[in-house]
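My structure is below; once you've seen it, I'll send some questions.
Letters A, B, C, D, E and F name the chains as they come in the text, with residue numbers starting at 1 for each one.
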Amino acid sequence: MKKIALYPGSFDPFTVGHLSIVNRALSLFDEVIVAIGVNISKKEFMTLDIKVKAINELFSDQPRVRILCYDGLTAQFCEDNDINFVIRGVRDADDFMYERRIANINKLLNKELETVLYFSESRYAEISSSMVREVYSYNGKISTFVPPIILKYIK
Amino acid sequence: MKKIALYPGSFDPFTVGHLSIVNRALSLFDEVIVAIGVNISKKEFMTLDIKVKAINELFSDQPRVRILCYDGLTAQFCEDNDINFVIRGVRDADDFMYERRIANINKLLNKELETVLYFSESRYAEISSSMVREVYSYNGKISTFVPPIILKYIK
Amino acid sequence: MKKIALYPGSFDPFTVGHLSIVNRALSLFDEVIVAIGVNISKKEFMTLDIKVKAINELFSDQPRVRILCYDGLTAQFCEDNDINFVIRGVRDADDFMYERRIANINKLLNKELETVLYFSESRYAEISSSMVREVYSYNGKISTFVPPIILKYIK
Amino acid sequence: MKKIALYPGSFDPFTVGHLSIVNRALSLFDEVIVAIGVNISKKEFMTLDIKVKAINELFSDQPRVRILCYDGLTAQFCEDNDINFVIRGVRDADDFMYERRIANINKLLNKELETVLYFSESRYAEISSSMVREVYSYNGKISTFVPPIILKYIK
Amino acid sequence: MKKIALYPGSFDPFTVGHLSIVNRALSLFDEVIVAIGVNISKKEFMTLDIKVKAINELFSDQPRVRILCYDGLTAQFCEDNDINFVIRGVRDADDFMYERRIANINKLLNKELETVLYFSESRYAEISSSMVREVYSYNGKISTFVPPIILKYIK
Amino acid sequence: MKKIALYPGSFDPFTVGHLSIVNRALSLFDEVIVAIGVNISKKEFMTLDIKVKAINELFSDQPRVRILCYDGLTAQFCEDNDINFVIRGVRDADDFMYERRIANINKLLNKELETVLYFSESRYAEISSSMVREVYSYNGKISTFVPPIILKYIK
């Protein structure tokens, strides 16, 4: 049976940290699904359409990565699509506490679902989507925080 | 290429929490190596010989689990044995901080080595080897904390 | 003198975790007041009226539990009503840090006020009102997270 | 039924922080038992005999405080003596994590046992027995950290 | 070369805790700049004009303190103004984690910028601007939390 | 008045992380004293004599760095030597909590003493003396963790 990992997030935008997690996950999983959570209420930095397009281009040479959008509960989405693994990158204790709460909720709703954590690489430890958005809003340089292909869609 | 996970620890003793991690890891990895760290200086609850025997019996029906002993650095051991993944169970933020330090040291010493974290199951969240040893030292009941086969070797 | 505990919260909704705290507090305190904080600015999941009705029904057989609404500072409310104890359930280090800040502010404002903490039961550790609201918003099943009587008022 | 709180610790020595917890607990509990854990392996700053004598003198005017020694598991001791409450003071997140582990182990061993936490007073937040021992070992002044009656037994 | 520390914040309002940091920083730095971040989107408790006036009056006798407003990135502002040090007060682990993220982002954007942390004084550990605003909104007494000169501008 | 920073530690061994803190502190302080704590009870990796010699050689070109040994309380040592600042590098929340306890104790003993914290550089975040000792004990490569001059004294 194929081992498929769901990598959920809002990826607003997709950073070099996210890219590192996907690439590392590919050496363990047969397929990695970048699952963009649709959040209607929250104002987004990149629209959903642009995000999908940009991340698709980023992985155009990697057939083992798929891009999907979903709204609703991650646990339900995984059950409906026979996905047994969720992967997440964790930077520090705060991230960990957050992920543990989410993972436990997912497990309450879907017993089969296993969340597996990766440590963020040290050099990416401070890079997050919200940080990129903030730097960008003040006209700061973001080119070291997002992959060049993603950057193209932001400018 | 086979995906092999090293599960290092002192397993003194091997608890139901450890068992849960191994069983869950088997659904992702092709093989799980329970790697008992040899720690000469520390006085042990179970001798190395007994530990190996007990854990071997515990997994006698599971050909995808192997028991190994090692001393030295985990990073070096993995490099010498072509193992690319280390797995660890994490209960809380303290565990996480500890594992992150270890994982980063391992990465400094062996760039190929990837540490992947599992959340401890909630029901096992308070069970640790040191807790079992303490309860045992006061003649408390430990049968819910260690698998029956391991228990046999403690009595 | 009667020992009265104020259990403040927004209880939006009242979960099985909240119920566990009240029941456990009843074995130490003579009376437990479920004190629903009124928060005009925040959009609520259950209206205040429905909350009061539902929680009242939940404790209709327990004369030692009272339901009150209040707005303003907890410290002031306790002083005005001669209540000397505040109780709170704590799940993890994040909860603890939050409660410590609140307790210290309360103490700065009302020296007599003592905050006493209970540990959440492990099996309820991931259940929170916000988690219930989120699961509900995606049509997930919430019946294991809230007491049946409360559930009746949500449907 | 009388509400009795066990306050376990090594109290080596008993500090002004410990005193604050006992005094505050007396306004909620009918009786507080200062339970000195006997730890044969650990070299102690004050001998058990001196500790008992000093703490007894400290509470000689307070009939609702009793001093006991015990070795073994707290959970077992409480069960044998019909004590349903354990109290502990908590200074910060580290303390909290530690107490949660202990409380959960106690609960696994004795379902009736309830651990209730008090926040340390801010002004005592840095005072611990180990800190007193360290300051004392370098001939530093410890008179603001331990009650005068205890101090008498240290000199 | 003069050693100048930038002390950035929203200071809404400026508390006794902030005052303590500035005063302590003056014994190490030649000059301290209280840098009020302009945040258009956030509704403010005190307007920017009033804040500047109040803090200026507070330090009217201290020529080594300057008040500035800025919007944009702290890292950029420091680079443009040849400021090499940022100072921040830290109360607990949560504060620390927050400051580390900010400091690292600043360092990514401006390699010369050094962030230096002060511990909040214990007696001010629970005092924050948001706490003052909340107490004030319920007509609670805030006179122990803000310097008298600042208070004058709030009433 | 000269601004002198005491940088206390056991420096067993002195790492590239320690070196980074000293160098960064030199841009703020007039003088930095590397203060090697003498700990008779603890078995040391490098003897005190060798440590002093090695660190002295490391800073032989930097007249603003002095090496001292001391036993006893840091707070007392600073008072006796008219030193008003202690500096420490902090890697994560655990380090922070530890330093806060120490700083507060120091402040209780010596009101004049100010502890100022530096963030460890990300690239050194996992490097500690104990980690170097452990890697060394297993014949691992430590040359990237300690400055070359220090390394010379270890081999």
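Rule of thumb we're sticking to: a contact is a pair of C-beta atoms (placed from the backbone, for glycine too) under 8 Å apart; a residue touches a chain by one contact, two chains touch by 3 or more.
Everything numeric in this text was worked out from a predicted model, so none of it was measured.
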| item | value |
| --- | --- |
| Each chain counted as touching chain C and chain F at once | A, B, D, E |
| Reference chain B; chain at largest CA-centroid distance | E |
| Whole-Å gap separating chain A and chain D, where each centre is the average of the chain's CA atoms | 48 |
| Averaged-CA centre spacing for the pair chain C and chain B, given as whole angstrom | 40 |
| CA centroid of chain C to CA centroid of chain D, Å | 29 |
| Numbers and ranges of chain B residues touching at least 2 other chains | 92-93, 97, 104, 122, 125-126 |
| Chain-chain contacts as defined at top | A-B, A-C, A-E, A-F, B-C, B-D, B-F, C-D, C-E, D-E, D-F, E-F |
| List of chain F residues in touch with chain B within their complex | 92-94, 125-126, 131, 135, 138-141, 144 |
| Chain F - residues contacting chain D, complex | 71-73, 75-76, 94, 97, 101, 104-105, 108-109 |
| Contact set on chain F toward chain A in their complex | 92-93, 122-123, 125-126 |
| Residue numbers on chain E that touch chain F, as the complex places them | 3, 24, 27-28, 84-85, 90, 92-93, 96-97, 100, 103-104, 114-119, 122 |
